[in-house]
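Each structure below is given as structure tokens.
Okay, so subunit A shows up in both of these, paired with subunit B first and subunit C after.
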Partner chain A sequence: MSSRAAATARIVQQNSIIVLIALLVALAGLIEVIRPGAVNANWVSNILEFAAPLGILAAGQTLVVITGGIDLSVANVATAAAYIMASQAPFGVTRGIVAGLLVGVVVGLVNGVGVAVFRVQPLIMTLAMGLVVTGTLNVYSQAAVRSVPGVPAVIHTLGSGTVLEYVPVSLFLWAVLAAVLIIGLRGTGFGRLLYALGDNQEATRLAGVRGWQVLLTNYMACGLLSAVAGIVLAGTVNAADLSLANILLLPSVAAVVIGGTSIFGGSGSYSGTAVGALILTVLNSVLTLLDVPDAVKQVLYGAIIVLLAAAYTRVLGRD
Partner chain B sequence: MATAAAAAPRTSGIRFGRAARRYGWTIAVYALFAVLMVVTLIIKPDYGAFEWNTLTLAALPLAFAATAQTIVVLSGGIDLSVGPLMALANVLALRAMLGHDLGYSLIVALIVLLEVTLAGALNGAIIVLTRVPDIVITLATSFIWAGLALLVLAKPTPGVPFDFQNLAQGSTLSAWIPNALLLLLVIPLVWIPLRRSRAGLAIYAVGSDRNAAFRSGVNLGLSRVLAYAVGGFFAACGGLALSMTTGVGSPLAGTYYTLSGVSAIVLGGVSLAGGRGGMLGPVAAAYILSLIPAVLIYLGIDPNYGQMIQGVLIVIVVMIGGLGVVLRRA
Partner chain C sequence: MAAAPNDDSLTDSGSLLEASGLAKHFGPVVALRSADLRVRGGEIHALMGANGAGKSTLVKILTGALTADGGTIRLGGRARTFRSTSEARKAGLICVYQDPSLLPDLTVLQNLILTATPISSFRRYLADLGLGGFDLSTMPRELARPTLSLLDLARALAIEPQLLLLDEITASLPADLTSRVFSVARQLRAEGRSVIFISHRLAEVSALCDRATVLRDGKTVGVVEPAQGGEERIVKLMLGPVAEEVAAEAASPSTPATGAVAVEVRDLKAGTLNGVSFTLRFGEVLGVAALEGQGEKELFDCMAGVRRPESGQILVGGKARSFGHPADAIRAGLVLIPADRLQALLRQRSVRENIALPFVNRIARWGPINPRREKRRVATAVKRLQIDTRVTSEVRRLSGGNQQKVGIARWLAGGFKTLLCFDPTRGIDIGTKRQIYGLVKELAANGSAVLLFTSELPEIQLACNRVIVLFGGELVDEMPASDADERALLRAAHGLPSEEGE
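For the complex of A and B:
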């Protein structure tokens, strides 16, 4: 590598968030070129509204990926949480929300026990739990619920309401969660333990850390965040069907990877993931503007994620 | 295990112990399948050739999906695009076969096998060239293959030629040896020569210890691409099996097979860490996973429980497996 390239790599490495934001701006510019006048306050508001559920879902994913794991049940948990929230809401909105969040905590607990105590590979544990969650939800929907439940007004406002015309309500929730995550990961012992576990589990154990407790808590946090994301998403699309969040599984992993968190664990940040979620949402908006059929959209989406991940790995020289 | 080894003569005892360690899980999987079959016979005393045929038909695509995943996992990777690759093969075959005779269909099948093998190889090549982890690339390419499948065929369409369907649906030899069971022979026909070859050994080597393999002069990139290509080949077999067993080209059939394929290999005793496992276990696991929904129906339970029970079964199996590792370490 020439010295200039090395210097560029170093700058990118140290300021990856700036590069990501530049990419985001470039994509927005592309939209403006394709359709002048499309990028306005309304568009920004829409992007933020649709990025919020993905950003929250990817938050849980970030926590797990930092420890060197992966959670493939986040989308199933989000769907189940939203559905159960909506079906329990007629008995009281609070009861509905608590029931929905409980789904996330319980599934996270089981995931955590499997990964942290029984040492099951996260991929398998969460994949299987995803099957269990979806299967259970299907049974539940047939046995307990007669019709597709509606979304309560509060949740609808949370997911798609705006303040001052343009600021989505869900942005406030997302911002609070993001602040907690960013500060928590950097500034708390728990956050640093997550990086330590992802970097070298054996060394962490030798340092006297009860790693299993940290991992268990972490998977529960991921489950809880997934449930929150599902409930917000139900509000955004104003529906809670049996496949609500399932399309967000790949984007949740992609947002983490694009955001610069190593899939092998030990490094990364939530700020990167949040920008990653915004990039993916804008990308979706570009593809929608181009008016391509869904199938082509899917192909392009996959191809772009491959390219972004490849470019990122190339520049940072990670493998 | 220990008592059995002690009872046998000393030399064969050692050999038995080693064999038990090596094949123990596979034997257990076949035992589990046998137990499940006995349970099925108790629940449904008139279980006959027809039901057995139905089971082999249901298990055929899944067995291929599991095989495709196994070869990739043995090389130390994971392919989350197996299902969409199957769907792609399935719809490509339908588009080309529609309204043609058996001879033409078979040529189409060969071309589809070639195309999807190349798609698999492309998965591998992208992973090797970009150095992005397998899971990220195959998750992304799963979107590409699924999108292509939707482009080839927008919605589920029947029309696979009947002669082609009969390749799997009939029972040419005897009622208890359905064609769908015989088609599984494709797996050993490809797998045994591969495993005995240098290339096959290299795949195991790369999967078990990449550094050691590299220092032994194994071409890492080539071996991994080969594993993904063979994975693509088996995924294509799975897609064609779907065409034969359902008679329908269905662009969305994939998702189920990615998940269940991974489930089958875990149940079948293939280590997700790579380098350890064979084909016998995953195929039996595919039969077990296909038998469960049938048993539920015989029991009169809502088949919706099937997915849940499958998941719970896998969770229990992997936890027991994990517990073994934890206890051995302690």
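For the complex of A and C:
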């Protein structure tokens, strides 16, 4: 690598967030070019509203990817949590929410036990759990629920209400969670250990860390965040059907990768993921504007992930 | 003082490789200022220098893994620049780098195919290196460090290079394998090919190499012939003005310790280790002398909680303990510094996070970190070991020796009662080595207990009060350090009775 390229690499590395934000602005610019006047306060408000559930879902994914794992059950968990929340809400909204969140924690616990204690490959474990969750949810919906449950008003407000006309309520929740994650990853022992495990499990063990405790807790945190994301999403679309969040699985991984977290673990940040979630939402908006069919969208998503992953390896010299 | 290589009259036609004025910087860090190197055909040429002097950077430039900022490389009289390692390979230059380079998740065979290595000649060299029946479908992930190094070496040899570069290959090898590497290198020399050999062990350099080029702070400071009493000069050149200080700090006679018992090992059995008992006291450095594979690794692993013994006891403070995890041993005050830094370090993380890792190793410490306190503790350890942290980012950007020091600094900062050092000075330069032994003695003097294994027998006397010798998994001898000269240790380590006993 020439020293000029090396210098560029360093600047990009230290300011990758800025580069991502520039990309975000460029995409917004593209929309404005395609349809002048489209980018206004209302549009921004909409983007934030739709980015929030994805951003929260990708938060859990970020935690897991940093440890060198992956959670393919996040979308199924989000769907199940929202559905159970809605179906339990008639007995009390709090009960509904607690039940929904519990789904996340319990699935996370099982994932954690599988990965951390029985050392099942995260990919296999969470893929299987995702199927189990979806299957169980279908059984539950047929056995216990008579009609498609409605979304309680509070949740609807949480997911699609606004303050001062333009500021989505869900943005507040997302901002708080983001702050906790960003500060927590950098400034707590638990955060340190996630990076350490992702970098070198053996070294972490030699330093006296019982890795299973960390991983188990982490998968539970991821499950909980997925459940929160599902509940918020149910509010945003004002429905809780059996496939609510399923389309968000790939975007949750994509947001993490776009945000610069290494898929092999050991490095990354939530701020990157959050911007990644915004980029994906804006991109979706561009493609919708261009009337691109869903299948083509999927292809484009895939292509973008590959391109960005390649760019990261190139520029940052990751091995 | 030193003959600058520019004015020595080596511009003869015999030069295979001539590099001059090579420079390289990484951002603000200058890795090479002005390196000159001339290697003749049919010569084994040593490259010497302290940790961070720029040796690895130089060989990476020569083999196209890095591009120089300035300077010229001439090969067989023709100016060349290699933009990639495969270009260098085509020109007959290949390097076995300091860290293993096989991809861990492909089989060895797949790795070979990926690099277009001729398989039959690879097998032949592997047999020369003593790995005759090696199964090529093994995953490198499952292999030990010495084997990985030999595979890398055989892969390099298989392309029949004109110039072979070996970056600290012997640091991870036991003595018998080292001698195999030597004979392969001599064989190349006999065929008129050349070898560049990097090692921190002077004895190896003087046994093997025809000439040595010494680097200091990224500059070539001299070319020496090590065989003819050049060793002293090499050390002086390497260390520069600090050489005197270091020499003064060397061996001071150690007295037997009389502190309380820190750890007692009773009839410990695990793998090759076959019933070993001894006591380790506070205030002493107890050396473990052994040729590779006599159970010393198992002993350290059991004491550090890395593996469970098959039988026997480890008593700490008089109480029998059972360590199921390193965390248990660390709680009891026993910490391990492994020889292989790749095993102990988080390569993508910062020096600070690496050193601070034990600070957060319990659930009770998962909460917020106090950054000021952490910074202070880390800084103290970094200063004590003089770790070169000009690059504050990832540990993988430090030179090999400085990485090793980070692993040691972790426990200086983390705290312990008993230090288990398993060959802590692999890949560490002479100056720093003495520093580390000084440090170990100082730790003992301040009341810690230290158990130290080193693969370099002459160094036992530098650091230890007392030595135990392992052979065939059993404790065959014990002596005060004053009697433990290399001769005595070698005899004992080979299972021979001491000379007086005969």
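Just so it is clear, the second predicted complex is superposed on the first by the 318 of 319 C-alpha atoms of A that agree within 3 Å, B and C clash if a C-alpha of one lies under 4 Å from a C-alpha of the other, contacts with A are read in each partner's own complex, and residues count from 1 in each chain.
As a working rule, a residue touches a chain if its C-beta (ideal position, glycine included) is under 8 Å from a C-beta of that chain, and two chains touch if they have at least 3 such contacts.
Since we're looking at a predicted model, the values are computed, not measured.
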item	value
Clash or fit (per the criteria above) of subunit B with subunit C on subunit A	clash
Touching partner for A:Val105 - first (subunit B), second (subunit C), both, neither	neither
Touched partner set for A:Leu290, first subunit B, second subunit C, both or neither	neither
Subunit B versus subunit C as contact partner of A:Gly208, first or second or both or neither	second
Touched partner set for A:Asp199, first subunit B, second subunit C, both or neither	second
First, second, both or neither for A:Phe118, with subunit B first and subunit C second	first
Of subunit C and subunit B, partner touching more subunit A residues	B
Subunit A contact footprint on subunit C (complex, rising order)	25-27, 66-67, 69, 304, 306, 325-327, 330-331, 336, 338, 343-349, 353, 356-363, 365-369, 371, 410, 414
Residues on subunit A engaged by subunit B in the complex (per definition of touch)	70, 110, 114, 118-121, 123-125, 127-136, 138-139, 142-143, 250, 253-254, 257, 263-264, 293-303, 305-306, 309-310, 313-314, 318-319
Contacting residues of subunit A [partner subunit C, same complex]	1-3, 6-7, 10, 187-190, 192-193, 195-196, 199-200, 202-210, 213, 262, 266-267
Subunit B residues touching subunit A - in the complex, by the definition given at the top	78, 126, 129-133, 135-137, 139-144, 146-148, 150-151, 154, 259, 262-263, 266, 272-273, 302, 304-312, 314-315, 318-319, 321-323, 325-326
